[in-house]
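This structure is in structure tokens; I'll ask about it shortly.
Here the chain labels run A, B, C, D, E and F in written order, and each chain numbers its own residues starting at 1.
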Amino acid sequence: MKSMDVVTFGESMVLFTPARMLPLAYENQYYRQMAGAESNVAIGVSRLGHSVGWFSKLGRDPFGEFIYKSIQGEGIDVSRCTYSEEAPTGLFFKEKRSSGDVRIYYYRRHSAASMLQPEDLDEDYILRAKYLHITGITPALSKSCRETVYAAIEIAGSNGVTIVFDPNLRLKLWHEDEARRVLSDIAQKSHIILPGMDEGMFLTGEHTREAIATKLTKGGKTVIMKLGKEGAFYQNEDENGVVPGFLVQEVVDPVGAGDGFSAGILSGLLRDEPLPKVVRRANAIGALVVGVNGDSEGLPKIEEVEQFMSRSSSTQDVSR
Amino acid sequence: MKSMDVVTFGESMVLFTPARMLPLAYENQYYRQMAGAESNVAIGVSRLGHSVGWFSKLGRDPFGEFIYKSIQGEGIDVSRCTYSEEAPTGLFFKEKRSSGDVRIYYYRRHSAASMLQPEDLDEDYILRAKYLHITGITPALSKSCRETVYAAIEIAGSNGVTIVFDPNLRLKLWHEDEARRVLSDIAQKSHIILPGMDEGMFLTGEHTREAIATKLTKGGKTVIMKLGKEGAFYQNEDENGVVPGFLVQEVVDPVGAGDGFSAGILSGLLRDEPLPKVVRRANAIGALVVGVNGDSEGLPKIEEVEQFMSRSSSTQDVSR
Amino acid sequence: MKSMDVVTFGESMVLFTPARMLPLAYENQYYRQMAGAESNVAIGVSRLGHSVGWFSKLGRDPFGEFIYKSIQGEGIDVSRCTYSEEAPTGLFFKEKRSSGDVRIYYYRRHSAASMLQPEDLDEDYILRAKYLHITGITPALSKSCRETVYAAIEIAGSNGVTIVFDPNLRLKLWHEDEARRVLSDIAQKSHIILPGMDEGMFLTGEHTREAIATKLTKGGKTVIMKLGKEGAFYQNEDENGVVPGFLVQEVVDPVGAGDGFSAGILSGLLRDEPLPKVVRRANAIGALVVGVNGDSEGLPKIEEVEQFMSRSSSTQDVSR
Amino acid sequence: MKSMDVVTFGESMVLFTPARMLPLAYENQYYRQMAGAESNVAIGVSRLGHSVGWFSKLGRDPFGEFIYKSIQGEGIDVSRCTYSEEAPTGLFFKEKRSSGDVRIYYYRRHSAASMLQPEDLDEDYILRAKYLHITGITPALSKSCRETVYAAIEIAGSNGVTIVFDPNLRLKLWHEDEARRVLSDIAQKSHIILPGMDEGMFLTGEHTREAIATKLTKGGKTVIMKLGKEGAFYQNEDENGVVPGFLVQEVVDPVGAGDGFSAGILSGLLRDEPLPKVVRRANAIGALVVGVNGDSEGLPKIEEVEQFMSRSSSTQDVSR
Amino acid sequence: MKSMDVVTFGESMVLFTPARMLPLAYENQYYRQMAGAESNVAIGVSRLGHSVGWFSKLGRDPFGEFIYKSIQGEGIDVSRCTYSEEAPTGLFFKEKRSSGDVRIYYYRRHSAASMLQPEDLDEDYILRAKYLHITGITPALSKSCRETVYAAIEIAGSNGVTIVFDPNLRLKLWHEDEARRVLSDIAQKSHIILPGMDEGMFLTGEHTREAIATKLTKGGKTVIMKLGKEGAFYQNEDENGVVPGFLVQEVVDPVGAGDGFSAGILSGLLRDEPLPKVVRRANAIGALVVGVNGDSEGLPKIEEVEQFMSRSSSTQDVSR
Amino acid sequence: MKSMDVVTFGESMVLFTPARMLPLAYENQYYRQMAGAESNVAIGVSRLGHSVGWFSKLGRDPFGEFIYKSIQGEGIDVSRCTYSEEAPTGLFFKEKRSSGDVRIYYYRRHSAASMLQPEDLDEDYILRAKYLHITGITPALSKSCRETVYAAIEIAGSNGVTIVFDPNLRLKLWHEDEARRVLSDIAQKSHIILPGMDEGMFLTGEHTREAIATKLTKGGKTVIMKLGKEGAFYQNEDENGVVPGFLVQEVVDPVGAGDGFSAGILSGLLRDEPLPKVVRRANAIGALVVGVNGDSEGLPKIEEVEQFMSRSSSTQDVSR
């Protein structure tokens, strides 16, 4: 059986945006797009030249079909998607009142993806991967989703698949205490952790990069922490440091930058590069993503990243 | 306290239709409308010049706000709407592949309206009504919805409010056996029943108008049965007969004709007209509604119905 | 008969905006909205929790129907609207060439609303109101409109209804001299006057807040003058002062802020609050309105205003 | 000075159509087009290879600019357009409820074109024309418009310019009696009259082709009467006959066929062809126009007409 | 190396359609879709459950990217696509004046796909296929395209890959004589030929099914000839017969039916079914495709075909 | 024969822009506009009150028709346009990822306009012009286009028509060396040269205004060099100087400013004004054009320029 560079899983949803910048109560025309943190990462990794598998549980409806085709269209293996005969594909609406006042309305609870359960996992599929990518969104969706995450970690962890974990804290989806407990636990079982500074504080209770990293890296882990415009901080048993970010001319759409960053980290690790170089490319991808509308539309191909890095001086970090 | 001609309640949803006649998996632009059998009836009754109250349980979201304003905008009392803090306003997507191949995708299960419960009823409000209008959709939505229907019937029935019941059979929402049991039971507790021919057969097991009507009218009820193009058949203890329908030039959109028919019946009853005249106006409204796109957009004002009836010879019924 | 908190009247029109920011001569796609200073105020007052009646003279056409439903949809009493059998509902087009170059093209002269006449007034209706709200737009529309304004003032003034007057100077609609004469006269007959600084200068010929206010408040009136970012100045026989405005992060659309301010004043007066508190809330509403596209779409509910005020420090006024 | 084949004048308006087939009260998106009987004829004549001049009085607004450019873009001389500094360019909305239920809402009264007056006529310009084309719409617009029509007829008639008159009866615009009186009078002063069968009956009170024609041709005139699918009937002192119409596969949009017919007649007369041939081409153009959406979009070039006629057998007339 | 069921190649283009049914000269809004006979077949075969490879030469532009992703999204192997650094992805515009008057405007000459050349072929890839599918469009595109078709036939023919050929005659793209010569020659080198009746006549000069088939099947070939509503006729050395088509309720869009038919034939052959059964399913797919808008959007999954066939009586053929 | 103020020629194309600011690979809705440097200049000159002729070679397709009508609609003589029976009207797509990242995708190579050849020139037509305007785009399109430019220069130069040349360097269309050679040669044959500072450096190898101008003005020419915000520098045998630009409040769309500048120069020369005044008006037009979306939509009428100049103090140049 063919090996695969990265396997990831989690809910991708259909996103509806109003045609105009108006309160949704007054708007009657909408555009459809696709959104999902894990599929963003999968798309990013695929564009950087690696083989990726992504799966979720989809509804048997046209929106499930749309998501399936959109992700497969990016060259990602979607063969392990399962289907719910009962629940529909999740969706959400984005209301933009002003550039700083964006509101989200979910039709996600009881979605097909929230029905994901350990039985949906193909053990052999995970074992074929070099990296298993997991986010903190999935365990927040439902009890069976959480069990699925743990089951995947169990499979990967006990068989030499490296687990990369992005906490992606969403306090709208679960209670703070439960979130802290579960995410800390998953971090503990992962090999590489990719928190933002805020998430690092949330998980550890510490307030400095070094203190956060020291707690999270316990047990031989690697932590790479996003610092916004400043860049990113990395630390493991052997080394630590800050890699400054790239200057961004115009932030068109900040969404998806963190996912692009994760894709960049995975790509660098797959290339066996030294950590500072890995992080620098991840910073570059974050900077590129914010210059384009859409969650995944701006994820660059490997040539575009290299070109951008050779052109830019990395004095400022934008990867968020 | 002011009396009210009609009170009705039930779920109104947001309806999204694709900009083009394409399978939804391939369409990325959508228009928003409003849909709901009970609010259609309420709008119809209001345009015919009567006072109406409608309520549902809405989500605290822009779509709940949209529905509330749309129905209030028709001059309907919406003051008894309640809100769910948890569940969103229901919505659905309509896929039109050809004029005969229309498919519906619901985001309705677990909606705010499905949380409707007997506690949401304002007993005094119902008692102020001359007619309580109920459909067979509401009891199919959830257990608490069914209990709410029964509670409303209880309030109305024991206090002299006339109960008008449209079975509106939706086999997608519940099992056939349960549907038959519950709808028959509600029919039994109602005063006026407005089934289609198919629904009449479903409820009684009989196959002729007279046989169906004889079963349904037991206990002094009135049955008015829609016969499609042929018109409608009415029967009670005192009289029965067929009122032929009106000729329709072009069926633009058949949805909503049954609701228009119900509105016409209620209006005629409120005017204390003889049954054949009541049914004739209901037929006319059904014929008018199918000539306009949208579920409620084509519901006529009283002047328009009268004008249409005086212009038309009623040789063919279109009320469906 | 039920009393009402506020009654207002005046022309609401249909507004068409181009789909793109292009000179209209080159644009072939348009969106429809609703616009009108008095209905904005009515919507604002209704959202703040009070009972309001609004009326105008509408055309017997789909745009009159659209306006009627839109305003009724906000919970406003529209029962006193009258109809012109001859003249159409007014409309206008907005051309936005750049953020600072916006041009308006009216189809308003000879509109139904310009046919409004004293006979359209329901005296009892006005007498049921605590406040009568009037703008300086209506007397500019036609001779019969002006007479209607005077007739309404006469009814209200001689029966203890407090008259609140917003000059809303529109020099495109009438000659400067006539405008000054009529608006001064109406101000003279009003109890509370809500001019902008420019309008205050126009009406009095004075150039300082105090001088303007001193002239306008003669005879026991209250003046509340909008000062743009600085906030607002209030003065009556007993007190005067400046209430600073709220800091606005991003001005999305300045239109409607003045109407929101008026709604805030009316709401505060209805709550019997001290003037500085009344003005502070009005400032807050103005600040909220400019953060949302549309004339009335951004008018807040009372909870939203209170929340905003408790969150914000009022160091800068934006109510214009 | 250069001579011109045809001169015509009359109001062209901006037409707004809803994006969907919905009652306008419920539609918020509109497309803009141009419409006008006289400009349709001018466009038709221009495409058939002749020189044409058209004029109207336009508003000083973007819609006047749009109309001016659209007509000039067809190669028509628009140099004699005048402008109103007060009144706007006329516009109207088309509501299509079903294919047989189309409703029109005008913003035309008091439009710039209705201000057209004899002083706007350039006598030399009219005298340069071989044919002056006039419709019965213009005299219905206002008193000054009617005077302008009479003044133009006076100029043309007394100087050897042939007057072609299309009654274009619009009973929405004026009273039946006045319409009959004025149109009969204009017909009397014209040389060639192009009524429909209904208009012929309206003007003469007669009920057969021959009787109508005999009355209208008095004084040496030519009458060419449109008979719908059957074709057209022509009569003058020397000859008369019916020219059958062309078979139409699919009537996409009937509007504009009569104007195309008029353009065809003018073109044939300019080519000095025998009447039956003139009428046959006019029939062909009518048949082509109804196969295309839009009032003037389907008007053919001369090559297209010739091709169509050589391909078709003229067994049925569609020019309406 | 993995074997593949079907390999096909040829130009897929971007298709732009106007938002309204208007002559393109007057339309300013367009929608984008994808179109291509060979990719239609590939999509059809993939939905029926087989493995397919498709390739073309694409431009290095967003439209090439769009086509690549769209086809990959259907689960088709696109790994053998090559790119032109010079020429753009082909595109075309569709003008629909009426249902019977559709006009096409190509931007296809000198497109990237027309640069396809024998060097772009991966010999091993073709040899892995069970069936090579070829259309008569590709050899019409350019000299190098024709050479590529011949080279692919050479590879497949001499190595046991079955060649299925759909003539797809396009007289707009090349001269009749050359088309007849080349297509006859390719038919001669193919194993299974899928002409329409017209194409059969064009290629053989014969006028009856049997005579056409007898000429085309020379040398042990199989011919399956589409007969429109009547169904299809098949013939080889061992058997022949007509398989009647399925009744179609409403032809929404006839384009793509022939490609669906080809996909059905390939699927049946891959399932080793007897010819009449193979043809019957192909007929069914053709009937399903015409009921949906778009070239490939209506191609059914295998379950949908089986369901449709078990529901329908095949009395009438619509596969075209 | 009538004389004409300016004659110009060159390719105008159809421009498609996406409905949203998205990478084109993800956008399926497009708007159509018109674009072309020479037609922009023609439109600009026409709006300033002069007679202009423009021509190109168009495709026999609806886009050619659209361009023809659009330019004729501006009052420009288009009678010398020729048609290609083979090649289509050129078009291009504009992708805007962010305000600073705009990408262009051409369908222009092998377009109808690229087939323009010396035989398409009407010698008498050029000789009737006072000014022949030429850009450096046309010679870059094809060999025959270059020959056409030279032939036009030959006609004009040897007969007293003043040649105005805007280098409009487009390095995407040809090689740098060839561009420098040909453009320098054309500049040498022209009378008035309108380069930007960059183009001046490219053509002369010099780096200061004076040095560039000294080289370019050799042989009695006039050079007017655009300096961006600073304004423009002019020089001829008699005089030289800088005319400062106008302050621009908001740059909405910078495209077309250079063409507006050229139109302004031509208009000033036609008015026989002194050079500083000529340049000042050209600066003003550039400043007006950048404040409006579209290439030609913002070109002002003469009254608008005069008004703008009298209102503005020219302290800063924006003409680019």
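Just so we're on the same page, contacts are C-beta pairs under 8 Å (C-beta built on N, C-alpha and C of every residue); 3 or more make two chains touch, one makes a residue touch a chain.
Listed by chain with UniProt protein names: A, B, C, D, E, F = 2-dehydro-3-deoxygluconokinase.
Predicted, not measured: the structure shown is a model, and the values here were computed from it.
Comparing the centres of all chains, each the average of its CA atoms, the largest separation from chain B belongs to F. For the pair chain A and chain E, the fraction of shared interface numbers is greater than half, so the two copies use mostly the same residues to meet.
Same interface as C-F, judged by over half of the contact pairs sharing residue numbers, among the pairs D-E, B-C or A-B: D-E.
Rounded to a whole number, the gap between the C-alpha centres of chain B and chain E is 48 angstrom. The residues of chain C that reach two or more other chains are 23, 25-26, 28-29, 31, 69, listed in rising order.
For chain D in complex with chain F, the residues that touch the partner chain are 69-70, 72-75.
Residues 31, 249-250, 252, 291-294, 297-298 of chain B are the ones that touch chain D when the two sit in their complex. Only residues 16, 23-33, 61-63, 65-66, 69, 88, 91, 93, 95, 105-107, 109-110 of chain F touch chain E when the two sit together in their complex.
If you check the complex, the residues on chain C that touch chain F are 20-23, 25-26, 97-101.
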